[in-house]
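Okay, so chain A shows up in both of these, paired with chain B first and chain C after.
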Partner chain A sequence: MNEKDSDILSKVENYYQDYGLRARELKDQGQKVIAYLCSLVPVEIISAAGFLPFRIRGDVHEPITKGDTQLETIACPFMRSCFDVSLKRRYDFCEGLVLPHACDSITRTYSVWRYSLDLPYSHFINLPHTVRGPSMDFFKAELETFRKSLGRFAGKEISDGDLAESIDLHNENRNKARALYELRKSDPPLVSGTEIATILTVGMRLPVKEANNLFDEVLEKLKQRKEAPFKKAPRILIDGACVDNIDFFKLIEDSGANVVADSLCIGTRDYWPKTEVGGNPVDTLAHRYLDKINCPRTYREKVGETYQEDLESRFGDVGSLIKEFNVDGVILYLYKYCDPFGFEVPARKAYLDSLKMPVLYLEDEYSTGTIGRLRTRIQAFLEMIGS
Partner chain B sequence: MTQYFAGIDIGSTMTKVVIMDSGIIASNIGPTGPEQRRLANKVMEKALKEVDLAFEAITYVVATGYGRINVPFADKQITEISCHAKGVANFFPEAKTIIEVGGQDCKGIKINNGKPVDFVMNDKCAAGTGRFLEIIADALGIKIKEMGEIGLQGNNPAKISNICTVFAEQEVVARLAEGVPLNDLVAGILESLANRISRMVNRLHVAEEVVVTGGGAKNVGLVKALSDKLGYALAVPPEPLLTGAVGAALLGKDIADKDLQDGVSLQTKERSLKEIKIF
Partner chain C sequence: MAEEQKKEERKRRRHATEAAGKIGPMVKATIGGTVKAREEGKSIAYAFIVCSYDEIIRAMDIVPVWTENYAGICGAKRDATRFLERAESLNFSRSLCTYALCGLGFDQWREELGEMPPDAPWGGQAKPDFMLSSGQILCDPRNKWYQAVQQYMPDVPIYNVGLPWPLYEDDIDVADVEDYYIKYIVEELRGLIKFLERQTGRKMDWDRLSELVDLGERTWNLIWETYELRRAVPTPMGTGDAMNTMVPMVFMLGTQEGYDFFLELNKELKDKIARKEGVVKDEKYRLLWGGGLPSWFALTDFNYFNSKGAVFPVETTYRMIEPIYRLNIPDTNDPIERLAWRWIRYWTYWYDKARKRPGSEPDVERLIQYIEDYQIDGIVMHEAFSCRTWHLGLIWQLNQLKKIYKPIPVLRLGSNRQKKGEKRELPSLILESDIVDISSYSEVDTRNRIDAFIETLEQTKKNNR
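Up next, the complex of A and B:
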């Protein structure tokens, strides 16, 4: 083992703790940084324009103060925290902001974001709510608009060749992320859920080539683990939206479980689907972001005759993960006021029930202040499925 | 040599201790103490004194309740969900659903053979808990112990629409000023609490036999209102405050029995009956 290898995990940890570190360094070297929220912004287009796509993170340790002077507290606390730390100039190295028509909390606050941050570049991507033909045509046109608008800001035309190259690099990144998941299949897993969450979060704020190199180094390092450093314990899948902090993973693993899989935005929802290679790059990107990313903000036509068939077509990917990773229990974890996920909690639970999968549903603030009451629920759930 | 097992349930308001051999031989209930669980060890001391036992004579101690973490006098911590399931099944072997109304939370537990198979807990605030009743009793100038009986005499329960404890308190005071009789007002409060609890518990698909436990089970008016809302007769244990501690002691006994069966020696901690210090 060389010195570089032994350092790689602490480098990741460092990047996680000081989330803007690398972007700030690059900005000082002349790199322009474009901030974005949510898995529905096509980062390939931002990279192809020569910008660094930087996924905004909230901070569960920072009370929301400044942000709440401009937003109502009925909005999603995760988005409010992202807005709060942005207002507090934590990401002041960014020169642009791209938000998608994702959930209500993001969509309805775009104008507040735009005027409050007052960045040289802002763009809103209008994703339609269904995946049918006319919606897909609309979304392709919308992505063309984004490509042109960003090209104007970059002072260069984003060619099909640029896009194809960027798609390849981001696909490569997703392959490497998937390789990390392979290490979770053994029992006990070779890598903890907390470690994976740290690595994947960090990956979304580095230039894609750099993220690819980092993932390679991490993979090489983790593959050297001959024996799992963790005990055998109930294997948990976390289902939900965007969890961009490791505290929740740590709480579960400290309570005596291994988090082995997820269907989260900073997880399989975003890292698994790849963009098709070949053909018109905007068309293939449109397919990835509108259809392949399985987010409840997009309505999917009912498939089949029965409710069960409908559930299967909506949540079958979660079922596959449960099988693939030999999961013992699911924790469905949402932040309060999450409109797209909140509405479908009963359907998600019904689907998991049909698989005879124990499920614990937790609705949380975006704050570490709730850890005590979450711990009791998680421990009780683990006692329940462990006995 | 007789083996003794102790269960200690450190709740937000009360600490409950049970000492068992083959059955319950001693129990004690005392306040958890305003200074962060400081009095929990005193409750244990008193129970031990009752049967003239030294703390060292206890084979295994299980702590439960919200104050279970960092207890210096327990061998193991188990959540109150598992302990209530075990404790209730001890009194009601056929129980399928438990409703526990505690000081700072309330929960519904589905059980099978004394083990939880699903549970729900109140999420956000004091609504639906014993604390809610304490605050309202205070606002009305009545004793919490009398509340159930007073409520039973209300024939025309007042409608209380606020869920938030603070706003409900304001609403109650306003109704009182409007001249709503005390009986009807209390009946209305218990009904609103029962509404809130039953809505939560109904997510579990309630099945008989249903047992109510925790401090709320001592309120006859609340138990009746809950029974009406849910449409089931409700069983109440002889001492509803003790089911968690009984379950804790029994789960400790299970652990000791299993280890004996497996031929491994019981893992105990170095414990002492000291005051809990968290600072």
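Up next, the complex of A and C:
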């Protein structure tokens, strides 16, 4: 954070460093906390039940030790780190766990999570893989099952009214996040990628109303910045999956670039799509989580006559971001063993090539040590763009 | 490919059963057959095993090209590296499923050349007319692999069949949710049939489909009965052979040939049992292959176990059947509904049992059942680095097994000549390598670990005596 922007921004920084801080305080006041992983868990339902949805985060600074005694190392290192720190009781204020059918690394470890953490509540949400009519009907039924199951744990029925209210609050949160992104459009941007990543990460573990207030305060503070505190530099978009730490953003920005946009899970993939209001809330939630969130784990049927049209339909959202944020280059950043994303690297690259976008593809583990080793390649890439 | 590797490949694995020995040539003929089928203009589909559509494609005379199988063959022939490397050069991470990587490398090469890559194992993998993906609750590659191939053959369409099943939960019974699962799967399979009708220009023959579903169900029962014969001491067939007999199980379901194969195997096993003829002469240790796909390039490791007097009467891998009569499938004449019920009931088969034992879980419950039924002395698993589907949770299963299932109780005479119950230890071993990628394998290390494991088994036996 910039030194001048004290108070609210240092509060954010504080929350980021001590990730469970607020949840722990709230738990002491009687608030029940439900942990979850991934952008595919409908947090609206958790909030509507009166729980605090708490997105589990890994820790790139913490070597994975305990987790490896219970889980094979051939899984996505982000998930392994989340599991490791959970096992080390970092999030022991949580009373429940919800995992979605996201990728093999998450799905195939549900039992291990469930038994190892031994929480009073756990649930798995089974998202289908396609967005056709029958899949949508199936998913609605599956969300109803979740609603009932969580309701039983909460000791109350989660009504349509509760859901509608929760949907509004979470939509509001997404609007505010989007407003934050607006500050990145100027050149140089008014807010750095590292700052945005910090704020968004923090937002995902606060009660939604609190997160909304926090975002408001942050927005107000940042809008006071008359002059960009950063230099003009290549404008980078990070494309990838579950990046929940600022270290990678920092590395890029320290190497002489501005991260101005992303298509990441703690970023536009999750914050851009909103739930439709009005209508049956479960239907609109199903639509948001299955169709609107553009994650490679959800299969999109090929559209159009040419392969290029198919690429447009699958990755067009990244193309729009590139235009909207005036991006100079893309860093495609993935974790080893990430199956859903790993299978589409060539396709993503082909799409970006068709836009004549310089792309750097990096495969990484999930630790500060390995992140640091990427520096030279990033610098070379930035030089290439700059020249 | 290194010369020694070629020589290595020529060393045939010894089989305990004659039936298993016939599989190699059978697979070779099938793969050759698909290339020929393409020339003859038959409809060819890329397909995955265990996707519930076997009888459907057979009833429509569609020739399946099992892409996992071809990659396995390349692995077994120790000729996969060039395809893996090619996939890597296309920017696919080497950490992904090596069946998929091998297939992607092969397909891209074939499409680039307009003909089979040079010296393609067994004549190569034929280009399909369409591809049948599947979105289940496991295996991302089933959902993503063919979409990735489309980059190299964009004119080949895909149908992705949704085939989920409910995971095991504390507060939810399968009965609470199975209706919407069944409804969904039925709709998905009907959608598949429409797709196939459009692609082939032929109509589904529903009577034939019913007959084939019947045949498929009879085959499941027959396989189960046949595999149960392996409970005999000494066991007449081990996991090494089962890695061959999986071919008629999962690649030939819904064909008479597949059924007949198991009839023959059944007879052969009964004859062996009557003659007391086991996999090894002096059976010392009975092991459970408790998880993991095998290293196709190192199946001789099973013979190595045998050389130490260790046999595998049972495995969880590629035992993709349960006796139909135990699945309580509701009465229905609709073959699609039967397929859907078979699917759901298969995947949730162990749930009720697990519920009865606190802290248990279906996969663990299955291990326990096999340990008891097959008089098991130890468990071996294989962790293949590239496939999360079958290889995540193995360590945990073993831990959980130790926790909830106090090692097999045996009775023995105490010093005061009183009978007393004792807990017998159950040693376990997890081997680490891959299904296809031979660079992950060291024969020396593997065999050292097997040796150490055998010593542990011996020690445990002594302690238990």
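In this section, the second predicted complex is superposed on the first by the 379 of 387 C-alpha atoms of A that agree within 3 Å, B and C clash if a C-alpha of one lies under 4 Å from a C-alpha of the other, contacts with A are read in each partner's own complex, and residues count from 1 in each chain.
Here, contacts are C-beta pairs under 8 Å (C-beta built on N, C-alpha and C of every residue); 3 or more make two chains touch, one makes a residue touch a chain.
Note that the coordinates shown come from a computational prediction; the quantities given were computed from them, not determined experimentally.
Of the two partner chains placed by the overlay, only chain C lies in contact with A:142; chain B stays clear of it.
Look at A:277: by the touch rule set out above, it reaches neither chain B nor chain C. By the touch criterion stated above, A:363 is placed in contact with chain B and with chain C alike. More residues of chain A are in touch with C than with the other of chain B and chain C.
Once chain A of one complex is fitted onto chain A of the other, the partner contacts of A:372 are limited to chain B, with no touch recorded for chain C. When the two structures are aligned on the shared chain, A:303 is found in touch with neither chain B nor chain C. Applying the stated contact rule after C-alpha superposition, one finds that A:380 touches chain B and leaves chain C untouched.
The interface of chain A with chain B overlaps its interface with chain C at residues 363. Residues of chain B touching chain A in their complex: 66, 78-82, 105, 115-119, 121, 123. Touching chain C in their complex are the following residues of chain A: 69-72, 74-75, 101, 103-105, 107-112, 115-116, 122-124, 126, 128-130, 132, 134-135, 137-138, 141-142, 145, 149, 152-153, 296-297, 299, 301-302, 306-307, 310, 334, 336-340, 342-347, 349-350, 361, 363. Residues 358, 363, 372-373, 376-377, 379-380, 383-384, 387 of chain A touch chain B in their complex. The part of chain C that touches chain A in the complex is made up of residues 90-93, 95-97, 100, 133, 135, 137-141, 143-145, 147-148, 150-151, 154, 157-158, 160, 162, 164, 166-172, 176-177, 180-181, 183-184, 187-188, 191, 359, 361, 363, 383-386, 388-389, 391-396, 399-400.
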